[in-house]
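Sharing a structure below in structure tokens format, with a few things to ask.
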Amino acid sequence: MPDPRFYSVAGPFTLDELAEISGAEASNGKSRMFSDISPLSTAGSDHVGFLDNRKYLDVFSKTSAGVCLVRPDHAAKAPDGMALLVTDEPYRGYARVAAAFYPRENNAHGLDGADGIDKSAMIGKGCQIAPSAVIGAKAEIGEGCRIGPHSAIGPGVVVGPGGVIASNVTLTHCIIGANAVIHPGVRVGQDGFGFAIASGPDGHLKVPQLGRVVIGENVEIGANSTIDRGSAPDTVIGEGTKIDNLVQIGHNVRIGMNCVVVSQVGISGSTAIGDFVVLGGQAGLAGHLAIGDGVRVAAKAGVIGDIEPGLTVGGFPARPRTEWLRSIAVLKRLAKKKDS
Amino acid sequence: MPDPRFYSVAGPFTLDELAEISGAEASNGKSRMFSDISPLSTAGSDHVGFLDNRKYLDVFSKTSAGVCLVRPDHAAKAPDGMALLVTDEPYRGYARVAAAFYPRENNAHGLDGADGIDKSAMIGKGCQIAPSAVIGAKAEIGEGCRIGPHSAIGPGVVVGPGGVIASNVTLTHCIIGANAVIHPGVRVGQDGFGFAIASGPDGHLKVPQLGRVVIGENVEIGANSTIDRGSAPDTVIGEGTKIDNLVQIGHNVRIGMNCVVVSQVGISGSTAIGDFVVLGGQAGLAGHLAIGDGVRVAAKAGVIGDIEPGLTVGGFPARPRTEWLRSIAVLKRLAKKKDS
Amino acid sequence: MPDPRFYSVAGPFTLDELAEISGAEASNGKSRMFSDISPLSTAGSDHVGFLDNRKYLDVFSKTSAGVCLVRPDHAAKAPDGMALLVTDEPYRGYARVAAAFYPRENNAHGLDGADGIDKSAMIGKGCQIAPSAVIGAKAEIGEGCRIGPHSAIGPGVVVGPGGVIASNVTLTHCIIGANAVIHPGVRVGQDGFGFAIASGPDGHLKVPQLGRVVIGENVEIGANSTIDRGSAPDTVIGEGTKIDNLVQIGHNVRIGMNCVVVSQVGISGSTAIGDFVVLGGQAGLAGHLAIGDGVRVAAKAGVIGDIEPGLTVGGFPARPRTEWLRSIAVLKRLAKKKDS
């Protein structure tokens, strides 16, 4: 369930209302009411789930969700008594339903009318906060924090004690541990890049992003870097990890402890990175990967597969360093031979 | 002619004044006055044009421009009755003339003295605007927009109804369609990277950038992305296109409808992109290219030539995906062989 | 010695105090007091230095520093009469000592309580400064500058006459020459990415960054670009150099005159670049390199070695252009052959 610090849910909706919102056909239990969306694995009887990828058919067949958006050919696998919303495009239907429960109007950027420090914000002792900084409702700023001019801290955000938030920073939908250093222009907690991609001319549908960013102690984040919040799980940055300037971290990424992420790295959604990992400048990591503890990725590498702990990789596609260097040497030799 | 919403022209100038400003030698019609600059193809009799690249000689020979900056060896091709400003460096001369018509003092960033909401700005019903946001003269904000703290919206900017402008955003010299989502730290409308490059020690000359950014409906732009305004034509983002974080879009780029541009992509000036194009993370596109509808560019690809509609390409230089994958496989095999 | 415009030193400390701060063992002259840190080459008798890399053993043996953090096996090379702080991790010890002399509390981001224009700031004639801009103590703004809304200029910063500072810009710890154009969202002067990397689980230690950014006349810096200040020497951008959007420039980088740095380039720490150099979009340069005058680096190139003046290079690792193009052609041929 989305963290109520950051999200307020609309609804509840009847099955008929959900059918109209999603464009799906309702069956089984039209009179019921539903109060929230949920992943199938954790859903309760008043929750709406969806099945888009057949690899989750097994989870679907055992879910406790009250209703599920599902393709016609998967409907027969539904648990007994579950209501159904049958459609050829369950994910697009889900995007519409999620937007009904979490409308943009309530959850745009959380700072609409914000000015100065909200009365309900809790500010620790010994903080120095620039008069132009904006701090939203129920935010919690720990003792001894310093917050620079023109920074905006959204409602419900937690900044641990000793944090240094520079100027022109935006923090929303996030929980930040003690002694963080957040450099100017950093953006934490905005929507991840999640859309139900258009199959036709009616355009990509935004999928509400309902997770958070959770940042450990002693983390440093470089100027103008961007960290998107999770889609439903959280985006997580482990204790002691140091992130350089202009780095992009996508939704649901998990970075371990004491990693070093050099400038202009990009990490795609849902990739999980171990502890003490070093990512060289301008490296790029595809989504949904597992990068082991102690891995070192060379600058400009393009990582498109999982990496075992302790390996050093380089190149694109990234491969063990010696293999990468050998392929460079081979190509150099061939180019010279051609010349003679 | 530059949009008077955003640009105010100085002058007019006599031919002699233009000769002095540009360092060129005037001939033919010294007593005439000129009121603006213009591309040769659309110029009128009181406009100043320039010919730098001989591939436009034909356009030059037929232009209606009143005067043209031109190299000595091209001067003979001028239409009858046209005044001439003859110089070895027409583009540098043009940069100086354009800066005289559109001086930086009048057109720096359009927000010099701005504070709060200008009285001449038009604000639609139901907007929520943070008190620290700045909105310039004659800007138009549609109904139901939400504008976050510390955002700056320049004079004349149009934001369509239902727009969500997050915090710390800068919008100048742009027209934005309905239901846009502009994430924190986005910069739209600043000068493109246009200079008359130095041939000697006297340095690169800034060429005034006099176009706009025109953004369609339902466009989303990710945190800290940058979209430069056009140099004379506009930079255009088509309806429904979704742009991720830290993306760079150069001046005069045209992106079609419903494209997906993943994080850290860079698109160089004047490249034209069709509809439903997908650009993978960290891909780079050279300038002045034509990318067809439905093209898919793999992450980290470097595109240096036009791409036919529907192709999937990868690598650097980008080539059809199967060819790219094969070259990776071949190199891998060779590196292994070397080993044995 | 760090520029007192930007840094105020704590201390002095006794040798015993330094031993406790650094975790090193003190020997020779326990009663002495030390007033600052310094590189070995310029240190005086009341300064603390460190020796981490044996290639500086010779400098160490001749230094005038009063005390030095040093490994046990290098201690014997110390000049006569020097006090010693012996430790297995001199650089981590130095990081702790430097943080004691320059505590984060005094030097966080220099803008803690800033609001409006500080009374001690010097503002030249004819400036236009947006009411929401913040200008710190003793900053100097030259004649005729324009400063946009929500920009933050730290204490002691110098902006030369005729500067255009757009909106949402952050400038700290920097000296900027005349006629600069600083686009929206630029960050100049924040900490470089300097850490004493963890050998164990106790995490990376921040090394105080005590240099400045020095920017020449007629420099232009594109939207959302980031320029870190030096660690002890300065980061330097030469006169007339033009920098595009989303460029990253690391600490201690030196860029010459009239260079052109295209969007999304990254330059790692301590690399020195000559005059009239062109760096193509998304190119990356490793640290500690020497790039000669007139070098041209192709887009997306990865430069990992020094480059002689006048060369054009491309690819990764970057090599002379013809060699790079030949290796592309060879690989293409091989991939085709495989096919037949």
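Here the chain labels run A, B and C in written order, and each chain numbers its own residues starting at 1.
Here is the rule we go by: contacts are C-beta pairs under 8 Å (C-beta built on N, C-alpha and C of every residue); 3 or more make two chains touch, one makes a residue touch a chain.
Not measured: the values here are computed from a predicted model.
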item: Rotational angle, Cα trace of subunit A fitted to subunit C, multiple of 5°; value: 120
item: Numbering shared by both copies at the subunit B-subunit A contact, with half separating same from different; value: different
item: Distance between chain centroids, defined by C-alpha means - subunit A, subunit B (Å); value: 32
item: For subunit B, residues contacting two or more additional chains; value: 132, 150, 168, 185, 224, 246, 264, 282, 331, 334
item: Residues of subunit A touching subunit B in the complex; value: 104, 108-109, 111-115, 132, 134, 150, 152, 168-170, 185, 187, 190-191, 193, 195, 197-198, 201, 203-204, 206, 224, 226, 228, 246, 248, 250, 264, 266, 268, 282, 284, 286, 302, 304, 316-317, 319, 323, 326-327, 329-331, 334
item: List of subunit A residues in touch with subunit C within their complex; value: 128, 130-132, 146-150, 164, 166-168, 181, 183-185, 218, 220, 222-224, 239-240, 242, 244-246, 257-258, 260, 262-264, 276, 281-282, 299-300, 328, 331-332, 334-335, 338-339
